[in-house]
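Okay, so chain A shows up in both of these, paired with chain B first and chain C after.
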Partner chain A sequence: MSSVKTKRDVLGTSSLRPDGGAKVKGDFAFTSDLHAENMLWGATLRSPHPHARIVSIDTTAAWKIAGVECIVTADDVPGQLTYGLISSDQPVFAKDVVRYMGEPIAAVAADHPETCRRALAAITVVYEVLPVLFDPELAIGDDFEPIHPDGNLIRQQRIVHGDTSVVGDVIVEGHYVIGMQDQAFLGTESALALPDADGQGVEVFVATQWLHEDQKQMAACLNLPTERVRLVLGGVGGAFGAREDISLQVHTALLALRTSRPVKMQYGREESFFGHVHRHPATVWMRHHATNEGKIVKIEARFVFDGGAYASTSAAVLINGVTHTQGPYKCPVAVVDGYAVRTNNPPCGAMRGFGVVQACFAHEGQMDKLAAAVGTDPVSIRLMNAMETGDLLITGQPVESVAPVARLIRETNEIPLPPDLAIDANELDLPGGSGITAERKHIRRGIGWGVSIKNIMYSEGFDDYSTARCTLSDGKVVLKFATSEVGQGFVTLAPQIARSVLGVTDAVCDTIDTQIGSAGSTSASRQTWMSGGAVDGACRLVRERLFELVGAQQNIEPIRFAIEDDEIVDTAGTFRMSVIEASQGITISETFEHHHRKTEELDENGQGNCHVAFAFVAHRAVVDVDPELGLVKVVQIATAQDVGQVLNPLSVLGQIEGGIAQGLGLAVMEEIIVQEGRVRNPSFTDYLLPTALDAPVVVARMIEEYEPQAPLGAKGVGEPPCISVTPAIVAAIRDAIGKDIDRCPVRPQDICL
Partner chain B sequence: MSTNEFYSLKVNGVDHHVSDAWIGESLLYVLRERLGLPGSKGACEQGECGSCTVFIDGAAVCSCLVMAASAVESEIATVEGLNADGTLTDVQEAFVTEGAVQCGFCTPGLVMAVHHLLDENDSPSELEVKEALSGNICRCTGYGRIFAAVDKVVAVRRGALS
Partner chain C sequence: MPVLIAHTISEATEILAENPDATILNGGTDLMVEVNFNHRHPSSVLLLRNVPQLREWSIDSSQQTITIGAGVPYAAMETGAIAAAVPALAQAARTVGSPQIRAAGTMGGNLGTCSPAGDTLPVLSALEATIHLSSQDGERTVPFGEFMVGPKKNSRLQHEIITAVTLPVTGNRQGYSKVGVRNAMVISVASACFAIVDDTPRLAMGSVGPTILRAVKAEKFLAEATKDLDNISDEIAREFGEIASTEARPIDDHRSTAQYRAHAIKVLASRLAVRGTAS
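This part shows the complex of A and B:
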């Protein structure tokens, strides 16, 4: 990025991405761009059935194809046969039974992707098709034979809080359905595995969210010591939760170890739809009790999250869902039942918003129902119930985070509404765009609201710490961490922190790999807080040592020193020296682990301080709808987001706009269609993503209130933008057409039939 | 699967010999895997995402949909050809400064699409920009900063002209 000035880009500035130049030139090495001498290609054979017994697997014909070097099945897995983030319940390769369409059965390594394709086609698997458990409700009771030794119920959680005998003056009730969304990162799954010469270890370049977790699971399956599975972050083309689970990591490494050659695996788009977990489809029932004015007095709810065939993070998604039942509102009493179940549908796990998206869609639908029932408007009902710092959640946990909910709603409400749709509007500005013939005179406009609360960091007692090392030498800083850069911009933020703390200009990030302690996952909006805290801590330790050194030289108490711009200054005297000069010829290196405060597990009544901290956001959507054709155009999204301290305004804006587009996708277009366990639309032709023409005008306000608990005063900003925008858009559609719609995404038939 | 035949592709003004290739290989595959030009990305390989955008005889096309062997007579330009002199183009520069890059997977394709748009139309309306870029999916940015980058280039070029 030669022509771009990065000098003294400290915290609070819109420092530019250090990888931006390489990315615009096509020079940045995504994992899929990597090559190795003598490399083979790997590919995966997947089940065409959602549920079947494997009678036999015959690889004889495939082995005979010229160019095929290796074929592996479950019998070839040297270590643990299963993996998983929370429970190890997912087979590396299916052995006796397949439990979802697309489950891996075998993998091949060959000289060309086309040879791989032919080899896969030449493997004969005989299946005995089994009844498919596709209805999550059937998975709750004993109505269906267990489809897995661990049973069909992944987790159940009840929340009982307050005097449950309370009955409201006004009661509103709704059933809500949330469809299965795909993360649809652009860079599909990819890995390059390089076997060690002695065959006892492997180095793997992989696009992942959490190097150390992959390493741990891989080592167990490969039966290797952890340190012999060395992971390096290959360039990552987006993540959004889909790279938290193992996909091709074990397969690629196993093929490399078996062939003693480098092996690269890369999923195509269709395979990617089968190769990673999705957002849980869910059904949510809620009943809100309120006073005649509209103050919430009790909420009853029931959640069913369809986890698909394997557990992944379903248990944690469930807890996030049920513990966010009330939304960003005061609620003294609650009775909630939640279930995460196993079915023969595609496995579901992490996606941006992680269980809270589903809860929010339901509680925001309820708030509008409540407003209507008590004869008020969507803004007033939300302001009346808005949560504040110090309020208790339905888990009994006090909200200690800054909680400017009322301010978010007010500030969003102050943003001017867009102009009316012009009488002679261009067809591209109409719902449906140029392809479909909406007529201006049919179009109706609607306005809707959504407000949300989102926990940040991991919950329920999990210590998701992060590690960083700072090395200062000759005025230059090198930062080392295992924090996955997936596009969010931690590689921009980390040097900003170093510049601020140490007064340097030149700060760079070292290779991101497992040659340092874990950073935890790039998820749960946690890296600014956790890895930011780790980098900050390491830089502060280095600063202390630098002050000690300079203090000894100058005979000044180190405590008197401070960094001012790029100098060390004596706050009680006249001495000043540039950091560059002070650090000439010396090297100071310090490592720091940042831990967040401890959290607790929930008890059987769902009580406990299970979350670390919270962030809030408000969204107002304006839509145009053609009620006859069932078409929607999202015109404007106004938003105010609780971000804590803004560390990089441009990065925060990017997260806000990007999250809104994904929430828009869930509102009106994105859904993996699954019929009796079969995925019907695994392609970008049939799974529709927001394009430039779908992008609404976004008017965003960052509400800056320093978060005292956070190491840099900043809250995570990644997830909130995508959470309440979905219910806001759906509410706007309801407002436009005057019809109750209880599901997302909203399909044309939901509008016009 | 390979053939004994070979063919030549002219990419960024340089002739490249392609031998031992399977005849069904897409231009995207050949660029990336045989010619060492991985700047063009593949995110769908069915013409839906635009991350593989290249110019063939000046037309912006999805290289995943073109059989490489069918492009022998053509001038092919890829993102790697934009920086022959080592400096960023105005479009690339604006993508960096305006925050249009997050993961960057869509970026080379979008940079090509924006160059193509602005070569044909030096002052596109907002709708013309949106339409021109609607074949390039970006999953990270929500497009806001990409529009800002386009606006910036238009403004700078206009300033440079006046």
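This part shows the complex of A and C:
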């Protein structure tokens, strides 16, 4: 009955990013653009060796360089000498031993980046090179001396579920290899630290995914009370998991405290490859047992995740991997062994998909093998086994989330295939692109499928709550939260929520900093659910207070009020008043903490309700392959994604397209090449990201089935797009060339030699 | 660090004579990367970008040649008259970097850097281009085969600048291919240029040796195997590729393997041998 009078960017609209215009025009201040008066520059000395004992560090010559104001090493760390997200095992500066190439040893502050460079060159470090542990398999047993006091095995988890004596009519087996992918955000690590006048505290502008976790770890290392380490989110140029760990935070703050001057640090592209964790390279073995029809009866698997030199989030990545062994399919029995190990390779941690990418690459390869073994097709085998709400995972956890797996597969399958490659196709559209390596006749087309399940929010008993404050005054709303905006669009979504709940038009976000409770990390596809829930909760509390105030004035029971468009209306009478008018001259402010339901740790058999909720997606890839040269062009990705509710269609499409590009990268080109602990390609010249010519046409369907557990009915949409697109593309390559490929990224020689 | 700006070729050679250590800068797409990586710290720089003569090109129809100034950017070679005169050069130019790089980077830079992965160099090798050099001592020309002497090594003398390149306008079949792991903006893993010059086949190979390599045995095989170079059988093309592949001297590195590079040369050579024919 209501007619919408005003056009407001409420939930469900493609509200535009408040920072979008500035970003497009180049006006947006990323952290690297920040500047302070009297500022010094900081820089880091890093180990050239993957494993070596530090015999001595001599900074004498560096101190003599004009313009050098400070040099710090492990001896200068005032508090805890190590940090880490799960276990505090990573030194702020290496002291006695370096465990990976690029490990920080010292930091300098000077008047100019060039002075810093000279100072670093003038520091003499004597190393005694040690044997390099680069084979993850050697890290599992006692075959290699522990390279760290915590040992070489970071975590082991076994899953035993159901009657393991079951044997299938049909058995398929595969060994899969997943390469080391980099998050490759465009805005490299950067921070600006401003010391307090009394020298007892510091304010740090930093590009991060989780302000409060950084704050906690920094305070411990700096030996300062938490409240004296104040963090403000600097403009963030992408994250994808790489900003979950500390990088330059402690170094920058320490230099600022030591010099009593503002200090800025900023990594270049090459340094960035050494400055953050990467996606875990992994080897996965899987053996699927099925009935003659193709129904899965048991899965056996073994995972080895190479965590590199320090633990970071390896333990959680491992759990994500092993608990997603079955994929989005019913599976009554499983025996899984998983290992996350420590090596002298680059440290690995969070990246979009977080362990599930590795599991999915393997289980989807298996589904195609199973289809072939029972004589059916990739779509039928997946539909036959599709998980539904209520099914048990191999951890014994029931899937209570909406689980429209069969629908996702069907809807993806309904998306029209792209037209055949034209006889006179533009040469740029062929595999090889601008290199003009092929003609139409050399090309074969293939189709492949990938479907995935991804847990959202943190797992294993972790209470990753989020906090938000809503302040309504004179018809305007200000939202305060510590939710890191890394490009995902929470600064767009939060005001949309306020407009929907409170009927206002004018809703803005306050500075994102640590002057309010934690929001948890911008990761695990969790912020729409968690911080969205916090903003929604805070706005609802304000609405209650507003209804009480107006009810008292008008002598109407507050329970009778509702917000209709931009008005408060009496649902049992005729009273109406605009929210703007009702809130004139008053200020209502409420804070809300949103917690997700409790989860459990896994027991020794990997049983337990360890995850909060799940999101699903299906991908179908069409690729053109030049089988003789091994070159690939991904033509089209069709996808249907389980999103719960679409809160901002444009934002969701952005996540889908971006995730697909990142998954395509892992499928055919993105890999950090590490040889005996040494990174061989730390640059965008040799670490290849997809260009416009590599990007496929994306045809996306957003499948809306309201998620009752989610505060706004919406599931996180960030990670799923990049998970199953990788196996879909690799399956399409296999289909095109009729050859088994068991690794990603697929290299030309894997196809043609 | 002084930046010395020349406005004419003679001014440039004069500056270079006085500042023999000066690093020569034109488009900067190689040099600035090296400076950014701290691989090079020039003591002084000679900027050639403001020398209009270097950005000129001309076709000599009596000699059937084209002379392209060293300052002509790749973008200018991709389409238009240069592309019509030397189609393989246009194809090679299109594979260089991004549009921004192609707008700035120059032929002179490709020759100055002289990387085995230099994208236009196989074209210059196959077409047996002549490189023009200028100094206070005068001008001289060097055939490409004598110009590139090693990886990132050429026979330009310290006081010389590269002014231009002369290529034959053959009116005959020629083509260029480059393999990279991405469909654009990628460093060559292997590249090849095939051209028919004076009724003889030529094949030059990039990224598979310390310099651009000519596949002389394959060229000889093809010249003897058929009289009609516009009608090469698949079998002959295949054998041509196989011979060329044996003449490649590739290495393993982080970009690819020697085995794949040799294989890619085989495929590129056999495809180029028949590209643009009716077969």
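One rule holds in what follows: the second predicted complex is superposed on the first by the 745 of 753 C-alpha atoms of A that agree within 3 Å, B and C clash if a C-alpha of one lies under 4 Å from a C-alpha of the other, contacts with A are read in each partner's own complex, and residues count from 1 in each chain.
FYI, a contact is a pair of C-beta atoms (placed from the backbone, for glycine too) under 8 Å apart; a residue touches a chain by one contact, two chains touch by 3 or more.
Source: prediction; values computed, not measured.
*Asks:* Going by the touch definition up top, name the partner, chain B or chain C, that contacts more of chain A.
*Replies:* For chain A, the partner with the higher number of touched residues is B.
*Asks:* Once chain A of both complexes is superposed, is A:Leu370 in touch with chain B (first), chain C (second), both, or neither?
*Replies:* Touch partners of A:Leu370: none, neither chain B nor chain C.
*Asks:* Between chain B and chain C, whom does A:Gly654 touch in the aligned arrangement: first, second, both, or neither?
*Replies:* first
*Asks:* When the two structures are overlaid on chain A, which partner does A:Leu693 contact: first (chain B), second (chain C), both, or neither?
*Replies:* A:Leu693 contacts both chain B and chain C.
*Asks:* Just to be sure I read the superposition right, which of the two partners does A:Thr685 touch: chain B = first, chain C = second, or both, or neither?
*Replies:* After superposition on chain A, A:Thr685 lies in contact with both partners, chain B and chain C.
*Asks:* Which partner does A:Lys25 reach: the first (chain B), the second (chain C), both, or neither?
*Replies:* first
*Asks:* Looking at A:Cys331, would you say it contacts chain B, chain C, both, or neither? Reply first, second, both or neither.
*Replies:* After superposition on chain A, A:Cys331 lies in contact with neither partner.
*Asks:* Answer with first, second, both or neither: which of chain B and chain C does A:Leu629 touch in the superposed model?
*Replies:* second
*Asks:* After lining up the shared chain so the two structures overlap, which partner does A:Pro431 touch, if you call chain B first and chain C second: first, second, both or neither?
*Replies:* second
*Asks:* Between chain B (first) and chain C (second), which, if any, makes contact with A:Val72: first, second, both or neither?
*Replies:* Neither partner.
*Asks:* Under the contact definition given at the top, report the residues of chain A touching chain B in one complex and chain C in the other.
*Replies:* Residues 268, 428, 434, 685, 690-693, which sit in both footprints.
*Asks:* Which part of chain B faces chain A closely enough to touch in the complex?
*Replies:* 1, 22, 24, 32, 38-46, 48-49, 51, 78-80, 82-83, 86-88, 91-93, 95-97, 99, 101-108, 111, 127, 129-131, 133-147
*Asks:* Going by the contact rule set out above, which residues of chain A touch chain B in the complex?
*Replies:* Interface residues on the chain A side: 1-4, 14, 16-17, 19-21, 23-30, 32-33, 67, 112, 114-115, 118, 184-188, 235-240, 268-269, 426, 428-429, 434, 486-489, 650-651, 653-654, 657-662, 683-685, 689-693, 695, 698.
*Asks:* What residues of chain A sit close enough to touch chain C in their complex?
*Replies:* Against chain C, chain A makes touches at 117, 268, 270, 428, 431-439, 442, 628-631, 633, 668-669, 673, 675, 680-681, 685-686, 688, 690-694, 747-749, 752-753.
*Asks:* Touching chain A in the complex: which residues of chain C?
*Replies:* 36-38, 91, 94-95, 175-187, 189, 191, 253-257, 259-260, 263-264, 267-268, 271, 275
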